[in-house]
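Below: a set of structures, written as structure tokens.
What follows is chain A paired twice: with chain B in the first complex and chain C in the second.
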Partner chain A sequence: MDWDLITNSILFNPAEWEIVLNEWPRFMRGFSNTLTLFAVSVVGAFLLGAVIVNLMASRNPSVRAAGRVYVDGMRMLPFLIFAYLLYYGLPSLGIRMSAWTAGLLGLILYHAAYVAEILRGAWSQLPAGQTEAARAMGFHGPQLFLRIVLPQLVLGSAPILGNQLIYMLKDTAFLMIITVQDLTYAANSVQSMYFVPLQPFIVAIGLYWISTLAIEGLVFLVGRFARKRGLGRA
Partner chain B sequence: MTGTELQMLLSGAWTTVWISAIAIVGGVPLGLVLGLGRVAGIPVLSQLLALYISIGRATPLVTLVLLLFVGLPVVGINIDAVTAGVLTLLLNTATFNAEIWRSVYQSFPRGQIEAAQAVGMQKGAIFRRIMLPQMSVAALPGLMNEATLLVKASPAIAVIGIVDLTRVTDRISARTYEPLPPIIAAGIIYMIIIAGMVRLQRVLEKRAAKWSA
Partner chain C sequence: MPDAVPALEARHISKTFGELEVLRDISLVVNPGDTISVLGPSGSGKSTMLRCLNFLETPDRGQVLLAGEPVGRRADGRLVSDKELAKSRARMGMVFQSFNLWPHFTVLQNVIEAPTKVLGLSKDEAVARAEGLLAKVGLADKRDVYPFALSGGQKQRVAIARALCMKPDVLLFDEPTSALDPELVGEVLAVMRDLAKEGMTMVVVTHEMGFARDVCDEVVFMDRGVVVEHAPPAEFFGNPKTERAQRFLSRYA
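Take a look at the complex of A and B:
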């Protein structure tokens, strides 16, 4: 490794950093696309995950099995091959989506399975007597789940859900392979347009890192709140 | 799909398997070194390792593999696609393994170390003969879990042109004009690989439980 080359001519080469600076709007467009994909898929995957965990807790054995098969199936697949299936595979069946739609749908459907499995794990830790007590108080159906069960599942599994959020953020980068114009796509296009090979990716990694630190900070606050309420594992 | 295409698919699967295997086998000891280095309290080095682990865990593999493949030649390291792919998976999985080893190390019962010291064991021997075997058993579920995550993240290396199990579906559909069958077949092969790893994990954990009982 040639350290002089690294320090003098590449990393601190003002001309190359100037290119990155001039292309800053492109980075910001990519970053905002990444954050949009992330935010929408977090909400979508959480809502769908909450539905699936109810399927897995259903009294009907075939509904329960369907939920299980969905969750286990997704957990055995890489995200990218699932995105391939939606974007390159489904048109054979006459279902055509833009790369953006396929990517977003892929993130939601894929991560909903992981969210459901996390929530199921937390649910199995809840004392059964509590649900019975809630029923005795007149709670039932969606109200019982939304008001009594779900808040405890979320607070109780905050650190694991937080990890899943970080995986979701990182999985958005796979979508550049199916031509979604995210942050990594932006970095790669600046790299190939001007042949500045290092700086664009260093900038991108810095932005992913900041986002991850923000997610971790948020999870820490939720975890502290949960412990105050006597929930979650310290 | 004809015989040739099936052969292409299997060779893609083999690429995924051996590249992942090297990264997993190398990433476990590298993670141990990083994790112990982080908690060793060596000034500067421990902080640098903590920073590396934090950034490494936040970096998408697609971004990292592009950085290494396009960036390293500029600083005088010539690297081919496969080496860049292996290196990416290795560096990434090591940061996750480092956290697993660290938590196992930190929850190791101190009383055992004191007992070993009391009977006159040296530091190195305590680590090798008392701590490491028990730490390995405790770290096993986490390390195996990380290994399956690595296989699921491995298609990222397709972005620099490595023909792995995901990328090979492009090649096959370029011949057959039918993308759906190879994608489904690749998905099934991934499922078989992951299911095999999960089963291996159960067998190993059962053995480890018998050993420590």
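Take a look at the complex of A and C:
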């Protein structure tokens, strides 16, 4: 390896970094789009995942089976293909969506399956007495789930849920192929406009990395919250 | 009061789990203010019977009446809606062997959760009620502690306060002291004794023969899914009629 070439002409080539700096607003637009996609799909996937885990816990066997089929079906599908199908495949069935709609829908539908599976795992660890005590006092339905069950599932699975958030963040990058202008799209367009192959992606990686650190910080805080209540793993 | 409506009544309850016939034609009358203890060997169906009273288990046959009103099933035998069942359950407190406090809530939050969310009590009102009850069970200073930091005896006293905060018509206990270290049993029994004295209506599944003998108005002895004897404690302990009860007493009492 020629270290001089690496250090002088690529990484520290001031002219190439200047290009990146000049295009900074483009990166910020892309990053802000990535964060928006992420935030909306986290909320959506969590809500839908909470609904699906209730299907999987239903008293009705066919409802349970439907939940199970959904979760297993999504999990065997590569996200890229799913996003592709939603945006490029569905129009042939007469269903047309904007790239953003298709992207968000894809992220939500896909990751909800994973969230549901994580919550189901945590639920199977929850002692039956927790819900029995609630039922015996007159809780039922959504209120029982939201007040008594869900908080314990989240606290009990915070590290795995945090991991899933990181996957969701990274999966936003796939939406570039359906023309969503996210951070990866921004890096890619700077790269192809100016033929600087490396720096734009270093910037993108740095921004993804900072976001990941923020997610891990959140997981840490939730973990501390759980430990204060004797919940979760040390 | 022979004419008073029973606080709680079970009529001809049966329950099977698969092939296993766990309860056979169980009937039970609990008059207002009475404390009934349910005794019997392990596996005789005591927990299942208690859980049928608030439909945590759905009896296959038979009726449960709370102050004369059917619980869980309509007169025509159809199950009531979840919402309607929840309304009946809110009037019956239950205390479990394993406490089942909610770990994500503090002691105070555990006690006010159902009164505020199920009964719709205002928070101030519920907190006032809860603080009174925590003082009564000797745990006023633990209100802001999380359950995991409590001893078993303290947890069970919180669970009793939690049940009482609903102002239930009847309290059901399923072996409330069986999971406790022996030195912690007394503090829980003392609270239950006070409740009995105050006229709380209670059904207590227990192996504490002293409690059954001294505190209860009636003893129900179960074996293999049937009520074998049903008598005032003095009579049951002094002069058990059946051989099964005699054998049970010679082992436990």
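FYI, the second predicted complex is superposed on the first by the 234 of 234 C-alpha atoms of A that agree within 3 Å, B and C clash if a C-alpha of one lies under 4 Å from a C-alpha of the other, contacts with A are read in each partner's own complex, and residues count from 1 in each chain.
As a convention for this text, a residue touches a chain if its C-beta (ideal position, glycine included) is under 8 Å from a C-beta of that chain, and two chains touch if they have at least 3 such contacts.
Computed from a predicted model, the values in this text were never measured in an experiment.
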So, after the overlay on chain A, do chain B and chain C clash or fit? They fit
Original post:
Is A:Met176 touching the first partner chain B, the second partner chain C, both, or neither of them?
Top reply: first
### Task
Please indicate which partner A:Pro127 is in contact with in the superposed arrangement: first for chain B, second for chain C, both, or neither.
second
Winner on chain A touched-residue count between chain B and chain C: chain B
Next on the checklist: Tell me the contact category for A:Ile202 with respect to chain B and chain C: first, second, both or neither.
Outcome noted: first
Quick note, chain A centre (C-alpha) to chain B and to chain C: the enclosed angle in degrees to the nearest 10 is 110
Quick check on the superposed pair: does A:Tyr194 touch chain B, chain C, both, or neither? Answer first, second, both or neither.
neither
Does chain B (first) or chain C (second) touch A:Arg229, or do both, or does neither? second
| said: In the overlaid three-chain picture, which partner chain does A:Arg147 touch, first (chain B) or second (chain C), both, or neither? | reply: second
Return first, second, both or neither, reflecting whether A:Arg135 touches chain B, chain C, both chains, or no partner chain.
second
Shortest distance over all C-alpha pairs of chain B and chain C after overlay on A, integer Å, is 27
The answer for chain B against chain A in the complex is residues 54-55, 57-64, 66-67, 70-71, 73-77, 151-156, 158-159, 165-166, 169-170, 173, 178-180, 183-184, 186-187, 190-191, 194-195
Listed in rising order, the residues of chain A that touch chain B in the complex are 1-2, 5-6, 10, 73, 75-82, 84-85, 88-93, 166, 169-174, 176-177, 183-184, 187-188, 191, 197-198, 201-202, 204-205, 208-209, 211-213
Per the touch rule, the chain C residues reaching chain A in their complex are 54, 56, 82-83, 85-87, 89-90, 92-94, 96, 98-104, 113-114, 117-119, 146-149, 159, 162-163, 166, 172
Contacts from chain A onto chain C in the complex sit at residues 127, 129-130, 132-141, 143, 147-148, 151-152, 155, 228-231
